[in-house]
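Next up, some structures in structure tokens.
Shared between the two complexes below is subunit A, which has subunit B as its partner in the first and subunit C in the second.
Showing the complex of A and B:
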């Protein structure tokens, strides 16, 4: 993982023209979220589309190209342009494995058009998914887990 | 939309504008692709009119079903504001998005849509130029499913990158941001 991080950071630096290096280096803690379901409200209120309750849907959304955001502890959302380990700036499958994880990230913050963007150069810590929202909301939406899987889990106790 | 969610959207998009940070990478570059009429098109096709550029595919059942209609609505809103902007789709799925199939699909997205396809190599070069990642993540009965970058790019009438628009923004907000840049340029 660390080797991938280093490679990604080097790739980013190589692509960075000297005149365009503005932005602010920040260290930030937050949950990687599915921005479509979070902001659109189509799957319920924001509290139900974070954490374990929404993890399966969030992975499907990231797989389908929905931008991933970092929901900071103060409630600000940062659109993640690039996460260490991905090759390009627009999209990336590293998100698939980390959606809903709470991470501490170091990276560059760019503010454009009233929107926060984040280029993560290093994931300093990853707590996994400590936000156990399924205890309050079950799975949102429920159909993201196939009935056959639910039946098997119930059978296995 | 619930009030709480609406408030969050406002929080995301309505903070003060101005003093935009330049992004730490260049976006754009040369490409040679083919449009829905079978004509070869290069980056010169993006000169003369501002563009909204999106990489996706016509069979996509995920973000493209949000981003493409919003891009089209944004173009219509800009028309109403007196600014002619061209919507452009670059496919990430050339096996299914042939010139012929794009010719059928394009009018349903927007009457002025320029839909571009090409060889895997030519499309890969275009994705590299615009820093868009594509990853095949599986197959369903209709064919491959791709994970891909989904930000919409606003380009000026010289084909130069102005800003990016998250596809989760509403078309009104996309148009508002585009107007800010295009009125300046």
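Showing the complex of A and C:
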């Protein structure tokens, strides 16, 4: 029996990754953001690639499988690996549709090699998109809204 | 209105781009994208499911395309987080990495971000080329072909993100700003 237990334990350990990290349960508030544009500067400064200004681009990126992050109130960014129990972080619907929402989330925080990760088990509150960055930056990138859409609105008055 | 546009453009140009050599730059043939904190990086690494690596929740085949994948760098055992593939089309890296789940590969690309964006933060990785040890290099540009296979009814002119049915549905519902169609109209009248 003991031998069986030992074998089962060994098999379980072999199935686990070598570096499973120590997680910490947290409650955190922040905006779900497009991490590539935020960190790479490819579209400009960080303040211009959050909120309403960057909402459509953030959806493009989320649908394209770019990691979604949570930008906390203290400026720390957490890579979200699971959102409201959904682990489809590579372009899944939950990650796509909640972009730029400011949420209060409960979940596990992991830190490894200079990057924060968040596994959200529950979204406690969702404020929608209160970060109206379009008032200062327009839309980023500037061609987000097609000319045909702009022209129609201006023509219609 | 003009002043707001000038301020917006100034802010967009405010982030410096630096083509730096880093600890893993030797031998890299990565092309510059003029990114913040950019450094070329060529290294060997094992492809892993990041959620599995951190939590022990490990489905078959690294999540079979659902999850973000990471790179455990052979040289220092660091978990490097890839955010982007080699296509300039809003496309991530996981789809290009998936065929190599659990394997050790060589990757070539750019590290970006880090301290220049957030003090103490590690840089994210953009993969431009990948190969199995001893194999031929292949470009990390498979995402759009994969999308086209999954969206046969979304054929048409223009890039994928203008035709993606999930995105167009969201824009039809909540507009380009995410605040509703009336907010879009008011913004367009004010800004353009």
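Basically, the second predicted complex is superposed on the first by the 126 of 157 C-alpha atoms of A that agree within 3 Å, B and C clash if a C-alpha of one lies under 4 Å from a C-alpha of the other, contacts with A are read in each partner's own complex, and residues count from 1 in each chain.
Going forward, a residue touches a chain if its C-beta (ideal position, glycine included) is under 8 Å from a C-beta of that chain, and two chains touch if they have at least 3 such contacts.
Note that the structure is predicted; figures quoted are calculated from it, not measured.
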Practice problem: Would you sort A:35 into first (subunit B), second (subunit C), both or neither based on which partner it touches? | Solution: both
Quiz item: First (subunit B), second (subunit C), both or neither: which does A:138 touch?
Solution: second
Quiz item: Touching A:48 in the superposition: subunit B (first), subunit C (second), both, neither?
Solution: second
Quiz item: By residue count, is subunit A touched more by subunit B or by subunit C?
Solution: C
Quiz item: Same subunit A residues contacting subunit B and subunit C, which ones?
Solution: 15-17, 19-21, 23, 35-36, 38-41, 45-46, 60-61, 63-67, 75-77, 79, 81, 87-93, 96, 108, 110, 112-115, 117, 119
Self-check item: List of subunit C residues in touch with subunit A within their complex
Solution: 4-5, 7-8, 11-17, 33, 35-37, 48, 50-58, 63, 65-69, 72, 77-81, 83-84, 89-95, 112-114, 116-118, 120-124, 126, 143, 161-162, 164, 166-167, 170-171, 176-179, 184-185, 187-189, 191-192
Quiz item: For the complex, which residues does subunit A have touching subunit C?
Solution: 15-17, 19-21, 23, 35-36, 38-48, 52-53, 55-57, 59-61, 63-67, 75-77, 79, 81-82, 87-93, 96-97, 99-100, 108, 110, 112-115, 117, 119, 128-129, 132, 134, 136-140, 144-146, 149-150, 153-154
Quiz item: Given the complex with subunit B, which residues does subunit A contribute to the contact?
Solution: 12, 15-17, 19-24, 35-36, 38-41, 45-46, 60-67, 75-77, 79, 81, 86-93, 96, 108-117, 119
Quiz item: Which positions of subunit B touch subunit A when the two form their complex?
Solution: 1-2, 4-6, 8-9, 11-17, 19-27, 55-56, 60-64, 66, 127-128, 130-135, 137, 145-151, 163-164, 166-168, 177, 180
